[in-house]
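A single structure is presented below for examination.
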Amino acid sequence: MASLEIEDVTKSYGATLILDRVSVAVPDGAFLTLVGPSGCGKSTLLRILAGLELQDGGRLRIGGQDVSHLRPSRRDIAMVFQSYALYPHMTVAQNIAIPLILRRLPLWQRLPLLSRLLPQARATLGQIEAEVAGAMAMLGLTHLADRRPVQLSGGQRQRVALGRALVRQPAVFLLDEPLSNLDAKLRVHMRAEIAALHARLGTTFVYVTHDQIEAMTMSTHVAVMMEGRLLQVATPAEIYAEPANLQVAEFIGSPRINVLPARVGSGGAAQLAGLALQGRIAAPAGASVQIGIRPEHLILRADPGGVGTVTAIENTGPELFVSVLTEGDTVLVARLTPDQGAGLRPGSRVALDVLPGKALAFDADGARIGFGHSVAAARELYHAR
Amino acid sequence: MSGAHRLGRTARIARLVVLCLGAAVMLAPFVWGLAASFKPAAEIWSGSLRLIPQTFHGWENYSAALSRAPFGRFLLNGLIVCAGILLFQLIFAIPCAYALSKHRFAGRTVIFGAVLVGLLIPVHVTAIPLYLGFARLGLLDSYAALIAPFTISVFGIFLFRQFFAAIPDDLIAAARVDGFSEWAIIWRVVVPASWPAITAFAIFSVTSHWNDLFWPFIVIQSTELAPPALGVVYFRRDESGVDFGPMMAATVIVTAPLVLAFLLAQRRFIDGITLSGVKG
Amino acid sequence: MPAELAPGEGLLGRAQRLRRIGAALTGWGLSLPAALLMLVMILIPTLSAAILALTDYQLGARSIRFVGGANFAAMWEDRVFWQAFANTLIYTALTVPVSVGLGLGAALLIEADPLGRTTFRTIYFLPVTALLVAMATVWEFILHPQLGLVNVALAQIGVTGPDWLADPDWVLPSLGFIFVWQQTGYNMILFLAGLKGIPSELYHAARVDGADRGIERFAMVTWPGLAATTLFVTVITTLYSFRVFDTVAALTQGGPSNASNVLLYNIYREGFVYLRTGYASAMTLVFLALILAVAMVQMRGRRGGGA
């Protein structure tokens, strides 16, 4: 019972609007990733969720309970910070134990001497020690129990920070770019570890990152934020395949989606330089629109009479990114397997095609608009390849 | 890390000679005073440059000094006053510095402005009104008068504020999420993370108040309340400067504690003076 | 249902307002004791000194009268005040360049070679930790006209030394010497910290750029690198030398015939011996003005240095 609802949350610093009526709701056990470029307000939203900042307006509910005005320690959340925020003067074990001690022992029982003497306090401390040992074992920290944070590597600190959060068994985990201080290899490893942790605990996670790969690989729900607004909340697959607008389409996916200006012809046909697209755009004839084509949906065929010229080929091993200069001085990027691109060299002439039904249409303001297809025609084209 | 990485032989010898000459001047009063505290009057006034006493008169000199003035009492007073001052300074300055560096609230700039103004005003400027105030309250000639004016250290606030500002905001946020109260954050998170600044300040504070003469000179009349510096002045006044042996013994007695403390914890003293000195 | 929502919004608004007020209260709660003490121990007394300076108040007197600038006018005519003022400036002019220069020299020499670094640093710093009035007594003994170490040593090379602390021409330099003895080690420590702050790459770069001799590297790297430290050390030393009191009170009481009377000692005497509180307060304002002038020089210098 720890669903999460964020409703119309607004925040400004001085005259600058940082969060503009942000609303998200996810069910219990979700892994919600807030993704967006740096400075778009992700951390601010997370800190408001934690109760560390005060929102100007809006409500927050955790497990159905309104926590909008509760202190951080009353919200049943735990947070992992980008800088880990470990207490430098405490050992690993103490760092992990402290949230439990603060919650379970009344002030007077925390006095160093008393806690040893009082049987009740001693029992609680024993219980805490057991839980801390469990958390450390789970994260492979047992042999580091008596070290201080300065004596740990980045990855180990990260794990202590996770341990401090999960030992509490909170209703919601908040993680603010927890992997951004790690090197690339460790990042991939910890990504898997955090995903596994989520699977094991089944608790709701809210995870902030500017890295779309993290967002796509770990989440059940991705929320794309830009300039203080939530652009779309959906599953990773849906965000990728059905972006709600051009900004989301451009932010998610690497290499970036190709965007071409087009005009709507009679009957909704797309008119654009060098490419023939099937299907009807849901816009009046004569309107200018933008067509988005993912690199992997672009088909290149070596053709001396083709309209495109290959300008560069990037080989990453499993795939090739081929840049093609086409009519109207636009450069499109296609993602091919090495086999598909075997015959291509810089300077090769190519003909361009698009996998049917995969092109996306956006209106002049970037909002997604319908682009219907004749399914039969599409199938025919696909098999012809 | 200075300019000259490799010194020639001559330069090295010259360096040693100059530094040793300087060291001799620096040490002269310590050595000469210590030597004199073991000499009988006749030897002190013989005009000889001998360092080692011919007749050992140390016992007589030290017991004379201790019997003529309560030096133990002076030292105790110094300890009480310095400890009291430091304790209050920490209790008041640390929360204020924490609020100034980690809280945003209306009036923060006003308080910080007052700190900056306070940095420019030495006790010599406030001495007369403070004296009148203490007189009105009947508090002259008391420990309270010695301690109270220094319970607030604007320099301490300034130093701690700078140091606390370097503590990551995330650490404070984590403590709030973990359930620490603001008061507990100060004493259990911020203070343990700031020991270098606190020791530096403690050394700075104790050194300056142990040595202070001006304020005790004004507010204290009773010998029993005199801190070491004032005790020396009283002793000099009573002895009218003829009996140098006991006087030197007295000097050794009041100088020794801080000098020994320094010799035992040199690194800390020097770091402390550096840290509290480089406040610009 | 909508009817219930409206008060709900109001409740939330109130909770938020309470939390915001709570945050402000926490800030104030934590700094209030310190703020009050600053007010009571520093700001109000300073203001009171400024007000007292405009009155004829005498310590213990029943009456107090507003006299405007009369105290300042009296000061203008007061030869003793002017002498104390001049003595303070002379003392500062004597001691500051010497103790800053020696402090810098000691720091450079000590850092120039590893041999004896810690020992020398300890020895030079030792006077900073010594109780000044007590050590002044030893200096008095060493400077004794007939039997002191200095004059006995001088006599052996055929020079008759003066009565250092009783000769009007020598008393200020002698007190200044004691100040320099104590301050040099302090300045040295600050310069050592300044030297540590100069990145060693700069020295390597200077070497690569052709600064082969130590003196060239000093001019190119060390001296510019120490500019800020030097300004700060000079300012701090100046402020300390303005405050000269202990040695005067213990050794000379301003004598002979005011030759070693300095501002603070004069303030003490006017305020607490002659009990002319109003007049002494006026003099503390002059003292404060001196301090503020020096502080302004420092701010100007720091802005000029672009730091």
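So that you can tell them apart, the chains are marked A, B and C in the order they are listed, and the count of residues begins at 1 in each.
Quick note on the criterion: contacts are C-beta pairs under 8 Å (C-beta built on N, C-alpha and C of every residue); 3 or more make two chains touch, one makes a residue touch a chain.
Note that this is a predicted model, so its numbers are computed, not measured.
A complete topology is adopted by the chain contact network, contact being made between every pair of chains.
Ranking every chain by how far its Cα centroid lies from the centroid of subunit C, the top place goes to A. Contact count check for A-B and B-C (C-beta pairs in contact): higher for B-C. The distance from the centre of subunit A to the centre of subunit B, each centre being the mean of the chain's C-alpha atoms, comes to 56 Å.
Each chain gets a centre from the mean of its Cα atoms; for subunit B and subunit C, those two points are 14 Å apart. In subunit C, the positions touching at least two other chains are 23. Of all residues in subunit B, those touching subunit C in their complex are 1-5, 7, 11-12, 15-16, 18-19, 22-23, 25-30, 32-33, 36, 44-49, 91-93, 95-96, 98-100, 103-108, 111, 114-115, 117-118, 120-122, 124-133, 148-149, 151-152, 154, 157, 182, 186, 207, 210-211, 213-214, 217-218, 228-229, 232-233, 236, 241, 244, 247-248, 250-251, 254-255, 258-259, 261-263, 266, 269-270, 273-274, 277-278, 280. Partner subunit C is touched in their complex by these residues of subunit A: 54-55, 59, 68-69. Interface residues of subunit C facing subunit B in the complex, by the touch rule stated above, are 23-24, 26-28, 30-31, 33-35, 37-39, 41-46, 48-49, 52, 59, 102, 106, 108-113, 115-116, 118, 120-135, 137-142, 146-147, 149, 152-153, 181, 184-186, 189-190, 192-193, 195-196, 198, 200, 203, 214-215, 217-218, 221-222, 228, 232, 236, 239, 243, 245-246, 249-250, 264, 267-268, 271-272, 277, 280-281, 284-285, 287-288, 291-292, 295, 298, 302.
Within the complex formed with subunit B, the subunit A residues making contact are 47, 50-52, 71-73, 77-79, 81-89, 98-99, 102-103, 164.
Residues 168, 170-171, 173-180, 189, 192-193 of subunit B are the ones touching subunit A in the complex.
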